[in-house]
Amino acid sequence: MAAYEPKNPGYRAAAIAMFDGQPAMHTLGIVIVRLAPGEAELAMLHSPALTQQNGFVHAGIITAGLDNACGVAAFTLMPREADILTVEFKTTLLAPARGERFVFKAEVVKPGRTLTFCEARAFAEHEGKVTLIAAMTGTLMAMLPRVAASQAPAPIPA
Amino acid sequence: MAAYEPKNPGYRAAAIAMFDGQPAMHTLGIVIVRLAPGEAELAMLHSPALTQQNGFVHAGIITAGLDNACGVAAFTLMPREADILTVEFKTTLLAPARGERFVFKAEVVKPGRTLTFCEARAFAEHEGKVTLIAAMTGTLMAMLPRVAASQAPAPIPA
Amino acid sequence: MAAYEPKNPGYRAAAIAMFDGQPAMHTLGIVIVRLAPGEAELAMLHSPALTQQNGFVHAGIITAGLDNACGVAAFTLMPREADILTVEFKTTLLAPARGERFVFKAEVVKPGRTLTFCEARAFAEHEGKVTLIAAMTGTLMAMLPRVAASQAPAPIPA
Amino acid sequence: MAAYEPKNPGYRAAAIAMFDGQPAMHTLGIVIVRLAPGEAELAMLHSPALTQQNGFVHAGIITAGLDNACGVAAFTLMPREADILTVEFKTTLLAPARGERFVFKAEVVKPGRTLTFCEARAFAEHEGKVTLIAAMTGTLMAMLPRVAASQAPAPIPA
């Protein structure tokens, strides 16, 4: 993969602060385990509170981890003053989310001034084995202060 | 939309049981508010524990609601003995998830013996106004007992 | 659906000119059959030259029609000076593309200054019956002249 | 990537025959340039007949190449008697399709008895430079003769 040059020399602190500002990540028990320009790795321990009817972690929770991994990876390449939002993502579920621990790895495939394209994969660690359980591709958008108002999604006409 | 004929006369009880068997839904505070053959509507009250850095509900949580709405809608049309799993979904985020209450409406667009295609929309209720905040399309798969083992995703070759 | 107010009073002529400027549409035999603010309908006659191994029209060709329907629908709501590009789309194939004629209907679900979200459906007309054969959701981007250079996708770092 | 073991020893001839049976590929000038178990690479020369309003190759044509690369890659791992169909794909357009030649590389990420998940990338070769222009993820389905009828998408209820 390309080695990216971050525009914000304080990208690590900025990405960690953005992540730590998300109560949902605390609630789900998701933490950052690795950061590099254009890359992020998050992890989460299994919790029975987050499972679906077969005892596997719910696809929406796995998606929350993948989406945030993409967001953090994209954010590391954005200018200091940017805020970030997710435009869209697609998640494909490849195997049941069965395991003691889950890892979400994202990397930026194509950074851009406005839009950034990321790919991410989720892995389950179960009894010493690592299994690919889901894949995401997503588009993230940088919101810059001076254009933030005008770039914001327009209200839907009544 | 088409009026679908459920294969399982007990589809309501079956869908509710499947939904209630998901601890993640209890944790997120998501409940069923309407059910019909090929249709489902879920709702969730705002919780600060589920927000991201700007105070809006996290995209992954919104996705969990949309995915489950699709799953319940698809499940209403499956035979009694089927289990269900999500193959993939795409979520597009259209506006910030700001509100006191969120509603997830899904409908089956194309049912199939193996695969079912669903569409879902998420709405935020904020100070008396309803706003479309996200849209999903997804593919769900029926797992039938006699073929469950062979249909299960194959392990990835080492 | 919402009734949209076009920003460009000459939106019809502009959309037709943009469409007619695409040699690929001539090659595939796709034409505009209806236009309204935020809506577009295209049509294509069956051609054996565009089929796959079972005699059905190729999914990529169906996608070209859907993508262009989305592009034209989104373009009708953009300002006069804007150019348009597709950010991403997802196509779900719901039934074989078997028929004498194919119709692609798109509508804008959420217009925005920078990004517009569209949905589209493809139908096959076969022996007097109309069948839904594919569904698309897509994100389109307005490129405005003054920011065109800076908004352009950045080159991938070597 | 994993080294996959094809179930069909004649996978090369089968994949080439499936590809050659598609008139759309001849029309678009797309050819196979490399085949391996779970992998495929296709190529296409630029043609003015396939461009959009800015002279770049149309996103639908690029998608046709990517979709077929996924189809061929997935088909190499299917049993001899299987037919294949595309369930869904998402294409993200990353840079204008400007070049003399285009290459579509796909690989199977997760094979399965019924569903196979693939990733593909499109590259433009322009004045000696290679640029990533698009990325696809897609789900392909194996249709086995004995279940072909019952697995076929059900007609949409009237």
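Worth pointing out:
Think of it as A, B, C and D in the order they're written, each chain with its own count starting at 1.
Just so it is clear, a residue touches a chain if its C-beta (ideal position, glycine included) is under 8 Å from a C-beta of that chain, and two chains touch if they have at least 3 such contacts.
For clarity, every value in this text was computed on a predicted model and none was experimentally measured.
The set of chains touching chain B and also touching chain C is given as A, D. Note on connectivity: the fewest steps through touching chains from chain A to chain D is 1. As a whole-number value, the distance joining the C-alpha centres of chain C and chain D reads 21 Å. One finds 30 Å separating the Cα centroids of chain A and chain C.
Chain contacts: chain D has residues 87-88, 90, 92, 94-95, 110, 132, 139, 153, 156 touching two or more partner chains. Across the interface of their complex, chain C is touched by residues 18, 21-28, 48-54, 57-61, 63-68, 83, 85-95, 131-132, 153, 155-156 of chain D.
Residue ranges of chain B in contact with chain D, taken from their complex: 2-5, 87-88, 90, 110-115, 139, 141, 150-151, 153-154, 156-158. Interface residues of chain C facing chain B in the complex, by the touch rule stated above, are 90, 92, 94-95, 109-110, 117, 119, 132, 135, 137, 139.
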